[in-house]
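Both of the next two complexes hold chain A, though its partner changes from chain B to chain C.
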Partner chain A sequence: MAKHFQRKGRRFLGVNLQGWIRGFFGGNAALSIVILFLICAFLVKEAAMFFPQHHRGLELYRKTGQEYVGHLIKEVDEYTILVSATNQAYYQELDAGYGAQRGVVDSSGGIMDALEDEGDDLIGELEDALDDFEDEPDDPEIAAAYKKAQENWKAFARETIAGLDRKEVDSFGRLEGHDGQWEALKEAMVDWDPVEGDPTPFVAKAKAEMAAGMSEFDAARIELGSAGNTLKDLKNKLVAEASQIKKEAVEDMSAAARKAAILEGSKKLATEEERIAAVAEAEKIVIRESFPFAEKTAAFGESFEAHESAANELKEKLVAAVAKLPSDFKSQAAAELIVGVKERTPDFIEKLDESVEEASQWKWDAPLGFWGSTMKFFFGRDWVTNSSWHDFYGLLPLITGSLLISLIALAVAIPFSIGAAIYVNRLASRYEQTFIKPAIEMIQAIPSVVLGFFGIMVLGEGLRELSQIGALSWVPGFPMQERLNIINAGLLLALMAVPTIFTLCEDALNNVPRSYSEASLALGASKLQTVTKVVVPTAISGILAAVLLGLGRIIGETMVVLLVAGNKIAIPDFGEGLGVIAQPAHTMTGIIAQEMGEVSAGTLHFRALFLVGLVLFTISLMINVAAQRIIKRLGHA
Partner chain B sequence: MNDSSSTLDSADAPEVASNEPIISIDNLSFSYDLGSTNTLRDISLEIPAGKVTAFIGPSGCGKSTLLRCLNRMNDLVDTAKVTGGSISILGQDINAPDVEAIELRKHVGMVFQKYNPFPKSIYENVAYGLRVQGIKNKSVLDQAVEESLQKSALWDEVKDRLDSSALGLSGGQQQRLCIARAIAVKPQIVLMDEPCSALDPIATARIEELIAELQEDFTIVIVTHNMQQATRVSNRTAFFYLGELIEYDDTSKIFGNPTRKQTEDYVSGRFG
Partner chain C sequence: MPEETPSTNPFQATSSKRKVKDRIGTVIFACFTYFVLACALFIFGKITYDGAPVLFTSEAPFINTKFFTESPQTLVEFTNGAGELIRMDQTDFTVFKEENPDVTINDEHTFSYSGGGIAGPLVGTALLVLVCMVVSLFIGVAAAIYLSEYAKKGKLVSAIRLAIMNLAGVPSIVYGLFGFAFFCLAPWFPVFTYEVNAETTIGAFKIPLTDGYLSFQGWGNSLLAGGLTLAVMALPVIIAACEESLKAVPGGFREASLALGATRWQCIRTAVLPYAAPGILTASVLGVTRVAGETAPIMFTAAVADKAKMPWQDAQGSGVFWFSDMLTQSVQALPYHIYTVSARLPAHEAINDMRYGSVFVFLILVVGFAMTSVVLRARYRNKLKW
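Here is the complex of A and B:
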């Protein structure tokens, strides 16, 4: 009897070919899910371990008194910003008002250096001749020899000066456009006396002119610069003390472990003497029940008054010095800087008062809540690592950098990509469609490191050149100080987002039934009216999803921001309004890429980077989920 | 456009004496591929004002194509081209270089085979044609919306939910809404391409009633596959076959006593 309904095909290990293929693909899918799970688990584990470690670090920071001293450090830092702005203004003004004189003085230094270098022997001869001459001024032979030496020097000086490279001497180009001064300086320097070394009258005159014109400003700036001396001294003293306490405390805490390690190691030593020595050394390590923080930091509690009086002194002197700053300037830049200093002074004083007040609240044993230390991560304004003082892990500067750059990128990319999608989908001719679409999608093929390179060499340079044009100085952020900054990174990321948004937008527009536009056109609407009144409103959720996915694309982008954003870990100064875009910034992705290679596993720094990664992951996930939701809703509509 | 060359751009409806044709098609040939093959060949036909004219014929014979020539919807096809002859509407050659399709379409409205209201409110659907003409005055719009919905026999059904989405209406209601939308801009001519083919018999009957009523205000050209429908609603009927006009006459004549053999075969259901 014939058999029916039998399985056909070869079988291996009891499974046929189809079963194997099924197993292969099923296995791949399962593997990728497992890997995804492992990645998430690892990320979450490392990140979660950050918080207790971070908390302990902050506790130590408080107990050692570093927290207290930290206030002083911040105060001095803020003050230093004012001082350096004032100094910068001073030099700007000096250049604007007395550029030629400054050039003369600077260049005379350069010429003197050159003469002294090359004319070493001649100067020696001249000195000897002078000595002889001074001993016996009446000897005609000696007088003649002295005269001869002087003449030799002059001939040498004339020759050397004539052969000097003007660019090298006047390296800042301050004498450019002052050829007369340059010639006069060269002539004057021939008469310079290398033995005495005093500046020639010509140079002295320039110096005097400079000093006379700038004396008021100079005095004011020096006064301003020294207003904080007391506070600075106090700060330096306390920093040294706190650092010492911290060092001791850390040593103390590791005492038990060190002792155990030495004892353990001693067993492997070769000779008996060595072993005894090691054990003796181990015995020397005192293991204390607890470190006497109260006793050690008592000095800080007593310095509250000194701190307050130093701050008051600074305030008084600062206000007096600021009042003496001039208000008429030849240099626009100087004027702006000084206006800035004057405006910021009251803020500074207010902050100083607050800081002094806050500092005086410090107690070494005040309890530190876990919630508080957690918030210090999410809202901390500093990210400082590998510091000899204390490492801070504050997310705020990184997240602001990331968001700011992404928002700029979106603001630029949205109109371009949506506009292009509408154009290609609804308005362009067949022929235009055949090349616009592939061209835009081709942008995706550019490796981001190449884009970064372009950003550094072309866009950054170009933007800065452009920003120097006087007629454009009304543009926020112009003229730019930095070549690598937020706007540069934002523009490049916009370029990267355009293909994503464009393609998805185009899809969304394609999904709008043709019958809608036909109906609209049949009613006498123009193509443009049809697009704005029917097509775009119908596709709006798809467009929104496209924008969100574009955002997801750029917020996770690393290479471009690492290369182009300027990598300055600081919250950008929003006080400049829109000009904030010309500042450098750092990003969440950038910091991970930059620092992950240098940290060792298990350290607080390592875990902080993982936590940043987790935050980034969460943000991307939320954006994607939101986009999916929108797309789903669109499907139901 | 200047006034002397065209009557289609004037806002007030140009009047046509009732005995004169409102549309006259003269030796029209039309191609979808820049003239390689003609989809319509040598069609001549005069459509009287204030009447309902039906286009019938087997599938693919070019009824829709001719209809879409009348409001220049074929402009949307890049390679479409009128290869010969002309169409004049209200005495104006609509393919003349100075005629704007957008202006033409304000006078020649269209209702499509598959009802296609916008995903907007009922009110906004009807007001759309006026809005794109720049009319913003609320009371003008309100009045036009009400009037159009009244005329398309939809007012009583929707007057309480003008702000709800048009997509929530039944198929027949949606098609009547599309008619309301088309007549809101007060065209002289309304083109209908198989307006009932997606509807059930009851909804179809309502649309047919509506056509009879609209005939008072508009000239209607309707494409239909349904012979009964053609006899019920139209005054004149044109029969097309393979891109050519075979016979054009009063509806009663076409269905009762056609001159051509092909027409007779088609209307009696022997092919099609």
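Here is the complex of A and C:
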């Protein structure tokens, strides 16, 4: 009986047609698992190969003494920052106090260049006439010719100077508002003697005034700038040595391979002589058991003392020079810069001491644990690539940038998206609901590259102009130096996150049983009270999950941060407190997008980028799982 | 002092203080909402305001046809003897110089990719989306049919659902990395070619009657690799949307068809799919919206900044070889073009037309698709009520 209902059909490999169809659909569905697995596999494969390669690189960095010299490089870099801030302040102050004089000196140079360029022939004539005149000062004909040449020159100079473009000569506009000086300069330059080339008395006077007024500052600045000369010289010497050692070591490591390659190639050569020559060439390559790092880097061990004394010298001179820096300024910018220099000097000295101490701990054969090199990736503070010195792969600046931007975006997005969800779901009229919901969902459709473009072209400039308004200077980070910075990217990402959080939040609010709010209203609570005291607390798990998923979307966003965050690979300076938001930063997503196209497969750099991708993947997976857990565990109804 | 008697009337109006509070709270929430909308509107407005003049002209045919029919090329800017600022494309400039040998040209500047039009990027994006949709719709619909029609609760199904959910949260740049490593670099995908590449791993097989080979040498940076990367990315969205539309078909349809003796597949084909078709269409439009706006996944899998010819013009050979060559070409793409002109060129006024023009076109396209999907979904939900 049951036979009637049994399906007939051909079987293939023991499965009938229906089974095959089912299998086909199932296979397609299972593809999603396969894809997830493949993504993991490919990221992990490249990333896993990063660590041993990275470890070898760091080992070499230590053995060649580059690690030791690296301390000196950092010290000098830090010192250079102080020097350049001082110099900047000096020129600011110079412009503020002696702008006209500086303008006169600069413009006189411009005028001289113009005269020399155009009056080349006349100057030649003048020189010849002068030579003749000096040889025979009594010849009236020659004297007349000399006089004529001088007059010619003056006429030419007057004409040329009159035809000069003021903007071109005074390209920084330092003489703007000093028309009298400009006219006087033009007049004075007519008398300039091109043969001697000395500045005219008028210009010399301006120079002297400038020098007299700024002498104290100038002396202090020069003293500060030369305080680190010993350390700089030592650094340059050691850098050259370490680079040489590294070059030799790298050559040494590839010696065996090169030899083998030459021998292999020699077999294919046509004549016996060439073959013999090639073999002889190969024999010349010395293959050492191990590279004599101890011997080569001995000099570094001996330079500890020199390093310490150079550092001490720098400290003493720096303190003395800083004390001599003036404290009254005409320029506000100069005053701020100098205050900054004075404040940072003790920190710098402290850091210098630490660095010298740390440097003296260096030993070429100190073991570098695998753990150590791994930590150097996750907590390394530098990401430097394509460097002739050493490439560093440190995640910290990137992850800091990513997190900072995401947190700002989230902080901005949360009130807006949750507020909008509450409004649309509970407070708005029917009519408003019909257009607000699709409109907010439409924001999701704006491509991220378009938002990034908007950030570059409009928001960046807008924010900077806003930050220049004096009344707003209390806002942290204002006035901004950069157009492309953390807050700009954060605001755009916030707009991107709003639709995600809004939609999920609204769903969560929708899931709150009607009876809850009805009960609350029946007890006499107002609409707003019902929303804040009953509906939102009930839906809190869904709202939390929505926020987490929004975070996932922000942290994985690429184009906006690539275009707008400023792409400066450095840990933002948290010393400014909340002002940190006005600084540029780089992100994990941005670095992959920026550098992936330029690296060749299999290099350390390539693998480092995959590892960053893996970190990103892990973070977003964790956020996803956490959101699902929250919904499951705390979920109501 | 008379004691205040507590109100006994339960229907008395609530105190006005509370009403005011209520009102203020509502207004604050409304402000949040409308501020978001205002921001979005401002972005649309600004881009339209600056972008529309590039696309439309005051004379017939009122549309800047050149912008849609030419590919990007170098823009030349110079001042002529009269001090007028003139901008023209590189090709026009060459002709102009030949025709007017005596004309003075001062302050000549060139800007890459800023002249011409956006035909190449538009076509490239269309092809990428096409490849993506063909693949992801095929897999997505099949997967959704399995999940909605065949699957019973079990470990496999929950694993599939978990995988889909997690795939949806993977950052787009990670898809890009995966696509780069899997589709571009891995040397195992087959191509039909006349020239066998040295990288071929499994080997090349001569195809009878032709000069060509079937070679497993990988796809490299190509239309196919980019399209498939996008397809992988679109999959979670498409599966979810298709499943929703399949689930919306009432169970009675299936039961009736099965009761009449249809096999499972017959039931799906005749009683489920036709009624789910509009929903699947919506799903595909949704998928297009999701992938067309993406830049990160195609940055190193498919896109190039500069390409003179369309992919089909550039492809060599005939028949299957031509097709294979076309699919393994790298293409220009609109989002990548926008990235190039806005981030990799210096800020200069001469580039702004190209910038705003392409951004405006792109925004209109993507938002147009998004609106279509919203409208379709709304209509579909209203229409089909069983």
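One rule holds in what follows: the second predicted complex is superposed on the first by the 598 of 637 C-alpha atoms of A that agree within 3 Å, B and C clash if a C-alpha of one lies under 4 Å from a C-alpha of the other, contacts with A are read in each partner's own complex, and residues count from 1 in each chain.
Note that in this section contacts are C-beta pairs under 8 Å (C-beta built on N, C-alpha and C of every residue); 3 or more make two chains touch, one makes a residue touch a chain.
Values in this document were obtained by computation on a predicted structure and should not be read as measured data.
Q: Taking the superposition on A as described, I'd like to know which of chain B and chain C A:T200 touches: first, second, both or neither.
A: Touch status of A:T200: no partner.
Q: If you stack the two complexes on chain A, which partner ends up touching A:T538: first (chain B), second (chain C), both, or neither?
A: It touches chain B, and chain C stays clear.
Q: Going by the contact rule set out at the top, does A:I446 touch chain B (first), chain C (second), both, or neither?
A: After superposition on chain A, A:I446 lies in contact with chain C alone.
Q: Who does A:S526 touch here: chain B (first), chain C (second), both, or neither?
A: Both chain B and chain C are touched by A:S526.
Q: According to the stated criteria, A:T400 is in contact with first (chain B), second (chain C), both, or neither; which is it?
A: It touches nothing on chain B or chain C.
Q: More residues of chain A in touch with chain C or with chain B?
A: For chain A, the partner with the higher number of touched residues is C.
Q: Using the superposition on chain A described above, determine whether A:N488 touches chain B (first), chain C (second), both, or neither.
A: Touch partners of A:N488: none, neither chain B nor chain C.
Q: Given the touch rule stated above, what does A:P513 touch, chain B (first), chain C (second), both, or neither?
A: A:P513 sits against chain B, while chain C stays out of touch.
Q: Is there a shared patch on chain A that both chain B and chain C touch, and which residues make it up?
A: In chain A, residues 524, 526, 529 are touched by chain B and also by chain C.
Q: Once bound in the complex, which stretches of chain B touch chain A?
A: 71, 73, 76, 78, 102-103, 105-106, 109-110, 112, 114, 116-120, 128-129, 131-133, 178, 181-182, 185
Q: For chain A, which residues count as touching chain C in their complex?
A: Contacts found on chain A: 7, 17-18, 21-22, 24-26, 28-33, 35-36, 38-39, 42-43, 46, 415-417, 419-420, 422-424, 427-428, 436, 438-454, 456-458, 495, 498, 524, 526-529, 532, 549, 552, 555-559, 562-563, 589, 592-593, 596-597, 601, 609-610, 613, 616-617, 620-621, 623-625, 628.
Q: Can you check the complex and tell me which residues of chain C touch chain A?
A: 14, 18-19, 21-22, 25-26, 28-30, 32-33, 35-37, 39-40, 43, 46-47, 138-139, 142-147, 149-151, 156, 159-160, 163-167, 169-178, 180-182, 185, 232, 235-236, 239, 263-265, 289, 292-296, 299-300, 335, 338-339, 342-343, 355, 359, 362-363, 366-367, 369-371, 374
Q: In the complex of these two chains, what residues of chain A are touching chain B?
A: So the residues of chain A touching chain B come out as 429-430, 513, 515-516, 518-526, 529, 533-534, 537-538, 637.
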